[in-house]
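Presented sequentially are two complexes of chain A, the first with chain B as partner and the second with chain C.
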Partner chain A sequence: MKTPRSGPSSNQKDETAFQGIWSGTISFSLVAIPVQLVSAVRTGRVSFRMLHGKDYSPLAREMSCPEEEKIVPPDEIVRGYEIGPDKYIVITDKELESLSPERSRTIEIIEFIDMKEVDLIYYDYPYYLVPSKGGEKAYRLLVEVLRRTNKAGLAKFVLRDREYLVAVKSMEGALALITLHYSEEILPHEDIAPKKEEIEPEEKSRMQKTIKKMIADFDPEKYADERRKRILDLLKKKAKEKAPVEAPEIEEEGEGPADLVAALEESMRKMKRNR
Partner chain B sequence: MAGRTIWKGNIHFGDVNVPVKLHTAVKEERIQFHLLHRRDHVKLRQQMVCTYEKKPVPMEEQAKGFELDEGKYIIVDSSELEQTAPESSRTIEVHEFVKTEQIDPVFRERVYYLEPDSSLRGYNSLAGALKEMDVEGICTWTMRKRSYLGALQISGKILRLSTLRYADEVISVKSLELQKAPLSEKELEIGNYLIKRLTGPFQPHKFEDEHQKKLQTLIEKKSRGEKIAVLRPRLLKPTASDKLLQVLEASLKKVA
Partner chain C sequence: MSRKVVDIAGKRLSLSNLEKDLYPSFGFTKAHILEYYRRIAKFILPHLKDRALTLKRYPEGVEKDFFFEKRCPSHRPVWVKTAEVRHDEGEKMTVCLVNDLETLIWVENLASLELHVPLARAASPETPDSMVFDLDPGDQANILNCARVALILRDLLSHLHLTSYVKTSGKKGLHLYVPLNRKETTFEDTKKFSKAVAEIMQKNYPDLVTAKMTKEYRKAKVFINWSQNDSSKTMICVYSLRAREKPIVSFPLAWKELENLAGRDDPQKLQVLHSEAVSRAEKKGDLFREVVVKEQRLPHL
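== the complex of A and B ==
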């Protein structure tokens, strides 16, 4: 079996499914399970690359210094908190990491709850936990007991520069981890809720009749993103009408001027493009 | 106070029409950082750089390409993309009603509050009907040139829209290729007992982002020039498979 791992080198095909974002342990009581965190969702939006209109080379997002008009390499970039105009306090990765040392590598389940008590307004982002080597059995145990008891584990853990409150639940034989919003992030709604509460019983029962006729099982497969379909149709149409453009090959750094073969290939590409 | 009105529309199904206004329901506030040049602490700016020429490319020279094959693109300009935008509409069309428990949390994206617009027409009746029947209305609408899938539902007195992900946006558990591992009845029994013992009510007010508070303190300390001790993250030793029962039994003693 394939072990899901982070990084693009592991398994190109499943790269989207196995974007290991974090690795550490999840614990309940004295049991500690080595796991990796992977996203449970991916965007269905059609993704485009930003290109240079002149030669169709891909563009890269870089940070540049406005004073020197130069690109700044990653090792020269630091994180700063603004305390006054153009005055910053620099915070290093190590300092950030050591803010919550007990939570940056461990998801410690502090209690279990009934998932039904968690209003969906708290749901933030879904992930899966997958067991790392040696953790398969304890992982399976936690999945199974959460399923049997219909409970979810509540924990806090730090991912990047944020501390999350998370619910860990069993889902089709896996552990799903949902990050939750803090209650202070939930906006009150008293000001926009209906002021009067009277219900017209006739109107209500008329609506219920209509609703009853429209009851079905939830089947998300039935719905597709219209916008996405249209973009794909546009792309198909364009691909038929015109050959795709090609980006020039990028030479490795330190390699002198392009050799003859490369130059020939380049001009052939240009011919193709003009066809 | 609820967030500002971001859109207005009509909930529609059968002969029902309920005018509503959408409001955001969640607001996140976090400490913001800037990226600086290590040498002189000058604030850096993001730029799009040509990977071939290694030079910044101004906006007017940037193009959008769909990668058909490695290094091969279909160029699409913004007016073409604009044309793919769905027709604007003011209708939240409900297609069917489903039981809440059928919608797994992984499908849920975000929640909007629905305020009755101009009149209370139908609003309270619809709220009452949904509450009694414990169902949510699967609906679609167009907002900000995007088509949305969502679930219309009731919470207390207020109607809400919970946006849903499309089916192919949820990564299947199957693709994780999880291994089966045999468990003994004893292990399961103790596991069940532990969970029941450690179960309590969900009290969201008990929790806050302590990390952000600590970060605030760190910033204050550093601005006073205090020295910061760097701590290593705590690592837990994983429970070995053959020790699982033993560890469970020890846990049992701990909660007893």
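== the complex of A and C ==
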């Protein structure tokens, strides 16, 4: 399997990429390894701010009520679960909160599994685990043993307000954590497979040959998101050609404390007289 | 990768890539950078002490990409002092405190050529030790315009019984510091005060000064950036190198010197190179010493 060349400590230009999302310990039996969780991927999406074309002020999203044709303030907004046309069950933030799992500082490994048994369809989102101070040795040990035995730790783990099923696996000397879908999230595929029909042996061998000719090593670096590249190139070109537009500055109210302004004006008068 | 293990104050440190030229058009290697910071250490350390360092790292040199690092790298040696501070979004993070020579050398070994620190200490993030006026020239102005503005500001502040100190930014501008060193003064105070000062300057010297961030107002003017007086902002530390073509330093100036230079038409005279920085600091001492010591109270607030 190919893995990206750089690990979690590679040179990222933006500081956010370095920041841990969570910190705590990996634990099982008597083992406890302090770690930090960092994202392992940065999505390639180039995001844009929506601006007012007139003066380039950044725009804000607001909820509006088509019934009253007005903007609804946050304290008048509630959540409703739709059970039928125009029928809802209202649920409060408090009720939702009471259902969230308790925040926890551990990634509790329940069992060790063979990663090959986990179909790719279960893979949700990849993270790296970075050893925290004092945990380096135990971290290295776990990496090494997981690599030798080809096993991954299956763990339960609370991140923000959700409990995740995750796999902790070794990856070129580091630990990766992959959140997995719960089985009930996977949609059934039984009906997708077409009904069985006889397949001619020649047809089968012809396709096998074709595929064989196209076999290659997986080399993700051969591929890139072309649209993203073109957008970034265009932005670079435009930035060179013309200075960026700027949003008008929001003036804070008031001129500053009256006493201070008076004292400054007085000093200014004296100063100018002396010059 | 070449490595060299050194012993500083009993701490072992493995230095890497010492021969790597990080200022290629000038010719200034990692070894030169470490040597600069070693010699300037006793002057810069009081200004870094107990402040949350933001590293600005140039692993491939000043002509290549850099990145900011606010969190103290987790692969730090055990003796590096750290503090827990709250990040903008309220999340806690661990930051480096550069309180001694060994940490300074370790940080520089990470090619953090520029050292940026907040105006407040990590233990009291809401109370700045000084108020700052960041003088930034528009594209048709230069450091000499900044010098004129700095001298007027100094006089205005002294009418309010406030002593101020000035340093070069190491780029195009000047930084004027008003030491406070009082627990009572908050960023809210310094922001209010500096904004009022910037606005009165703009009102009285409209051809020379703007208090507005927007670029189109700047042009031939000097922008008095008062908004640096904020707990989330950092300033380049006095005596830090800057990542430009040449290893130029953010360096403190005596007011007399600035008066002399403001009259001459030679902006280059206001740029202090690494070697000059060391020899001047060794001869004259730390001209910025009072910034971390002198106690002053903002009047009329």
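Throughout what follows, the second predicted complex is superposed on the first by the 170 of 275 C-alpha atoms of A that agree within 3 Å, B and C clash if a C-alpha of one lies under 4 Å from a C-alpha of the other, contacts with A are read in each partner's own complex, and residues count from 1 in each chain.
Convention: a residue touches a chain if its C-beta (ideal position, glycine included) is under 8 Å from a C-beta of that chain, and two chains touch if they have at least 3 such contacts.
Because the structure is a prediction, the values reported are computed rather than measured.
By the touch criterion defined above, A:90 reaches chain B but does not reach chain C.
In the superposed pair of complexes, A:36 makes contact with chain C only, with no contact to chain B. Looking at the shared chain after the overlay, A:246 reaches both chain B and chain C. Here chain B and chain C are compared by how many residues of chain A each touches, and B touches more.
Contact with both chain B and chain C is seen for A:130 once the two complexes are overlaid on the shared chain.
Overlap of the chain B and chain C interfaces on chain A: residues 14, 130-132, 246, 248-249. Those residues of chain C that touch chain A in the complex are listed here as 57, 59, 65-71, 73-76, 78, 87, 91, 93, 152, 155-156, 159-160, 192-193, 195-197, 199-200, 204, 212-216, 299-301. Listed in rising order, the residues of chain A touching chain C in the complex are 9, 11-15, 18-20, 36, 130-133, 243, 246, 248-249, 252, 255-257, 259-268, 270-272.
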